[in-house]
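Take a look at the following structure, please.
Chain lettering (A, B and C) follows the sequence in which the chains are written, and residue indices restart at 1 in each chain.
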Amino acid sequence: MSGYGLLSTRGLSLSFGGVVAADAIDFDLQPGERLAVVGQNGAGKTTFINICTGYLKPTSGTVLFDAVDITGHTPRAITRRGVGRSFQLPQVFTEHTVRECLMLAASSVKQKHGFFLPLAQAVDAHEVDATLDLLQLSARAHDLAGSLPEGQRKLLDVAMALVLRPKLMIMDEPTSGVSTDEKHGLMEVLMRALDERQVTSIFVEHDIDIVRRYATRLCAWIAGRIAADGAPEEVLRDPIVVKNVIGE
Amino acid sequence: MNSSLFALALMDGVSYAALLFLVALGLTLIFGVMRILNIAHGSLYAWGGYFAATLGMGITHFGLSPLLGLPALFVAAIVIGVFLATVLEFALLRRILDKDPILQLLVTFAAFMVLEDLQRMIWGVQPVFVSDVVTQLGTLSVAGVTYTRYQLLVLPAVAVLAFFGLRWFLGRTALGRQVTAVTHHREVATAMGVNTGRVTWLTIAVGGALGALGGALASPTTSFTPGIGAEMMVLSFAVVATGGLGQIGGAALAALMIGLTRSFAVYLMPEVEVLVPYLIMVGVLLVRPEGLFSTAATRRI
Amino acid sequence: MRLRLLIAVLAAAVLGLAFTFPWLKTPILLALANGLAVSGVIVLIRAGQVSFGNAMFACLAGYSAAFLARAWHLDALLLIALSCLFAALAGAVIGLFIVRYRGIFFGMLNLALSMVLFSVLGKFGGLTGGTDGLRFDRPTLGFVHLEREPFETALLVLALGLSIIAGWVVQRYFASVSGQALAAIKTNETRLEYLGISAKRVFWGGYVLAATLCGLGGSLFALTQGLVTPEMGYWVRSGELVFIAILGGSGHALGAFIGAFLFEFMKLYTAALLTGAWQLVMGLVLLVMVFVAPTGVFGMIERRLRPGRSA
């Protein structure tokens, strides 16, 4: 290994229309970490995730995953390399059932372009059921994804990505839009699932409590740069972070 | 191509473009305010033309003053356009606002089918051509070429008036600004206290009147037969799509492009005349799917 | 299972009608041809897209059948196969760029292309017979020369068989990996990409299938009439195909055929009763359907056959 982590960026920059969304970011993520990303809106955290998952192209710099250069690759290609993503607004197939959503996801693993291959036969049913179980969605397997409440939609969003057995899971505000009393339950299920599958994770969060409880490492973003990086408790005590991010 | 042929082609193109613009303007206005493509718009053109011809024949039949000829066209357009547009809006358009887009299209397509048959039942299948207005206004000679005053002056004047009039209305009047608000963001406009229902109806009525006006103004120069509504529908749609949905300036530019190219094609290479509008449409859409004057919308994948 | 029974009953009914009332053979053939074209349209509708230009593939297939028949007097089976192939190829080539578009832009570009074809066919009369179209002689069917009546009967049986096969193909496709991914394009294309699936490639596959089915419909239409005209590719024709899809029910291939038969027979009746105001009647029927039963006739049937399950 050449000194790169599971996910690394070198000099990653993106600016548009005079706004610097990412400012020469050097970053390494090691396998097994649970990284929380905080920052005010517009600080650049979502931009960073979008570049790493292929939604945006950087103006300069490189992104490496598993020591392979993935800069500028499409989301599809990056997904295939082992990066899973969940969204702030859960992206599910609203007119498919929960189980069908997972089956569709699973079908991409073997890449069978089945024009005639029934979906049910193209996937490993055990894998699908195991993932449903893991994310506690088994009870709603035959309900339409569009009918799920927000919390379960988030879990489905993650489940669909997990079915692909990614090495890294990037989650954009996994608990946003979920009621406060459900947040912890949701994170428990999520983190347990990620642990069981041995998936490294990055999650963008606004809830500091959640960050304290579940993250092993914390990066605070300010104006397109990583202003602080380290153990959550330390970073949260950093005066710059307190002033610019937590904003009390 | 000598200079007089060039001048003829130019004039033909401009007057044709003027008609196209009026019809396209109506279509694009309705799309802007409802986000629905009104396939029945072509029928409004046809009805406007047929009705104008009927009025024209009535004027002659009842021995009324021939001076009424030109105003009658406008009256026909406004009466028929507003009436049909109101019926469409009330009976159909307002009830399909939250339906699947495919269903919305089909509803207007069904309205088109109904209007086509009704038109055939009322006016029959024989060509209807009442050209008194054109002959009345006479011709004039410019640089050795003879034009009809109607085509050279009336049509472009109406188009230009419509263009600037609408721009002024939308930009400078309170009601116009309400229309713009509803066009850009319906929910926000309602929240700001705009009577979206009334504004929508008004815009559709104006749009319908413009479509009918295109037909009414075309009727002294073209004979109207069944199928003319369908033909104008797809043609005006080509103009709107090329110019950008909901874009007034775009419709003007696209109408000129298509009108002029078509006109020159008639004189230079007649076989491609019918082809030209759609080739332009394909060409533009392949390069700029949102049309020439599209608003910079961030497309999510 | 009950659905298969229904299909068998309907097929038998169609055959029964054809043999009892020989004058119904032409309308039945036209309905089957339409049904095939519409089954192509419902493939696109499944992806949430509507094309107001799919008649162009029916038209292309029809004209290629006519050309081949006039030039080489090929057997009807060959004509069908080759013209379908041509439609599929056209779909494949056009699909390469058209699958980048969605929604109204997709619809518009399809419309534009179909109008280009329509205009070309109408104007370049030397090659294409112009607005009068092209006639061609009745070909052999299965290398047997048949008189008009037996030819129609044989063609009808063939068409019915092809329709059942096509319907099966479409349903199987819908249940397949590609077909399910196609349906996912409608609800969340972003997610597909983030699952590593190429939405464009999936859509392209659906587009080619749709073009082939429309082509099959077009070739049968041509063989039934012995004549092809540019009207086959007119935008109103494409609109009628979408109309039939919604009327019959766009959720299932059977809906396409139910819609096509309803369409054809309503046309017949209104022609007889209301001196040709069939568009008026159809338009009103469609309006009622959209508000009362947007899932079409098949949607209504399905609720009886499979209560509690949504399409």
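Going forward, a residue touches a chain if its C-beta (ideal position, glycine included) is under 8 Å from a C-beta of that chain, and two chains touch if they have at least 3 such contacts.
Keep in mind it's a predicted model, so treat the numbers as computed, not measured.
Summarising the inter-chain contacts, the pair of chains with the most C-beta pairs in contact is B-C. With centres taken as mean CA coordinates, the chain nearest to the overall protein centre is C. Chain centres here are Cα means. That of chain A falls 44 Å from that of chain C. Between the Cα centres of chain A and chain B there is a gap of 50 Å.
With centres set at the average Cα position, the gap from chain B to chain C is 32 Å.
The set of chain A residues touching two or more other chains is empty.
Of all residues in chain C, those touching 2 or more other chains are 190, 193, listed in ascending order. Looking at chain B, one finds that none of its residues touch two or more other chains.
Of all residues in chain C, those touching chain A in their complex are 172-173, 175-181, 183-184, 186-188, 190-198, 201, 205, 310. Touching chain C in their complex are the following residues of chain B: 37, 39, 92, 95-96, 99-103, 105-107, 109-114, 116-118, 120-121, 230, 233-234, 237-238, 241, 245, 271-275, 277-279, 281-282, 285-286, 289-290, 300-301. If you check the complex, the residues on chain C that touch chain B are 45, 50, 52, 97, 101, 103-105, 107-109, 111-113, 115-116, 119-120, 122-124, 189-190, 193, 234-236, 239, 242-243, 246, 277-280, 282-284, 286-287, 290-291, 294.
Residues 53, 74-76, 79-80, 85, 87, 91-96, 100, 103-105, 107-108, 111-120, 122, 144, 146, 160-161, 164 of chain A are the ones that touch chain C when the two sit in their complex.
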